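Below: the structure, in structure tokens.
Note that the chains are named A, B, C and D in the order they appear, and that numbering of residues resets to 1 at the start of each chain.
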Amino acid sequence: MAASSGDELGTRCSVEIRVRYVECDPMGYLHHAKYWEYFEVARTELLRQSGIRYRDLEREGVLFVVYKTACRYILPVRYDDLVTVSVAVERTSSTRVDHSYRVSRGGELTCEATSTLACVGRDGRPRRMPAALWSDA
Amino acid sequence: MAASSGDELGTRCSVEIRVRYVECDPMGYLHHAKYWEYFEVARTELLRQSGIRYRDLEREGVLFVVYKTACRYILPVRYDDLVTVSVAVERTSSTRVDHSYRVSRGGELTCEATSTLACVGRDGRPRRMPAALWSDA
Amino acid sequence: MAASSGDELGTRCSVEIRVRYVECDPMGYLHHAKYWEYFEVARTELLRQSGIRYRDLEREGVLFVVYKTACRYILPVRYDDLVTVSVAVERTSSTRVDHSYRVSRGGELTCEATSTLACVGRDGRPRRMPAALWSDA
Amino acid sequence: MAASSGDELGTRCSVEIRVRYVECDPMGYLHHAKYWEYFEVARTELLRQSGIRYRDLEREGVLFVVYKTACRYILPVRYDDLVTVSVAVERTSSTRVDHSYRVSRGGELTCEATSTLACVGRDGRPRRMPAALWSDA
């Protein structure tokens, strides 16, 4: 999967999210933990774009657990802001996938992040992903 | 279970909860949705007090879903406030249980609420609770 | 504001919300507390439809606090479900507003609720709403 | 503040947190975003241990925003698990503080993380921390 090119189906996706009141803290900022909820939304849509529903995967015993994350918060985001959350597949193996994320508001980058997810079975043990989800082409 | 008396084991329980920063909104108040998360914590401890772990019930296919709720918010609560959350069993049948809740801070009542939970199986259909959880004595 | 008719601008609004993974609990259901977060989103859009941004109101010291709520959960909703959340203004006075809510999925009603919000100032004391927000016509 | 030694008051703190039902996802695991809420709780207690309440700091216009985070999830944690969340100050300057975190359950490490917080004023611009919060001794 030539994720770096980002031209192919399923390697890149953007969603628009309106910041909710409940997601903001007493400072009035979107709480730093909530970004990971936004990134999860973006991953769901990235899969859907390839015709895959994560909830179907789970039903079949293909689960993805978050193994490693990193995030840099650049500018605060506030209630009612409309942000664009982009996700890209950076690397895949048969058992792992690395994503990168960017959050922007009005074209201005406000946050960037990365994560590594591992594929596990219902027993929590590592397993290979279905072939549709990766290729080492 | 003579819940109305409230003297017996398992009919009444109080927990202390420190309000978290993330739970407060831009007004600086504990968000109204979060109270239901506190009530859930109190119900977990109420069961534990009777020697029952809700997570064991779930493992055995005894699930409780919230069917009806009502809440009155009297005074705002803020980040770092220490509140006492009390729960009492008000009524039980073989398939349902009614709870009442009170939140107080420094002896002052800040919120009161009620809920009805229904017992369901893993298929989501109503089922009778295990006898240990209710009696119509 | 003849809210009961519901024909006028600003008395009724629907939003579509995709249920997020993080919002679902170990039963796989949208957690009952999260519905109040959805209702809040619907209220924000209801105001926007009348050309009012709640965040501007807050900046001007016009805050709305939730005073009373009630909810009936009819059918469970799951991760990735697309639900329609409708809000209607049922009654307004100079200091309070009553809303009703309905959540449906594929045309089927899954939840209904009501709330009363009170208008307060930055000091938390009751205050009259700006005239644009209500009329007793 | 000789944070590296970790022997002094205010450089190290542990809290016990019972995992809430609402914090767990359909896999049954504590959702990865929630760990940051736990770390925030631990930071609040770390400050309190030095006689400082973060909410008093905020009142005085001393705010801390999260600037950078990293996390490694080692073992899943479930509803009703009792976890120990430890935080340590790793490094401080006049405007930033680095923390490290460890989550364990029954003595077994389940997660480790780091963060950098920046001190800002009410206007969101960087400012020096009060002297009590750091020293380059």
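The rule is simple: contacts are C-beta pairs under 8 Å (C-beta built on N, C-alpha and C of every residue); 3 or more make two chains touch, one makes a residue touch a chain.
Please read these numbers as outputs of a predicted model, since none were measured by experiment.
Participant: More contacting C-beta pairs: A-B or B-D?
Facilitator: B-D
Participant: Could you please state the distance in Å, as a whole number, between where the Cα atoms of chain B are centred and where those of chain C are centred?
Facilitator: 24
Participant: Give, as an integer number of Å, the spacing between the C-alpha centres of chain B and chain A.
Facilitator: That gives a centre separation of 34 Å.
Participant: If you average the Cα atoms of chain B and of chain D to get two centres, how far apart are those centres in Å?
Facilitator: 29
Participant: Scan chain D for residues touching two or more other chains and write them down.
Facilitator: 21-22, 26-27, 33, 36-37, 40, 79
Participant: Assign the assembly's chain-to-chain touch graph to one of these shapes: line, ring, star, complete, other.
Facilitator: The chain contacts form a complete graph, every chain touching every other.
Participant: What does chain C use to touch chain D in their complex?
Facilitator: Those residues of chain C that touch chain D are 21-22, 24-28, 31, 33, 79.
Participant: Which bits of chain A are touching chain C when the two form their complex?
Facilitator: 18, 20-22, 36-37, 40-41, 44, 53-55, 78-80
Participant: Residues of chain B touching chain C in their complex?
Facilitator: Going by the criterion above, the answer is residues 26-27, 29, 32-34, 36-37, 40, 58, 63, 65-73, 76, 124.
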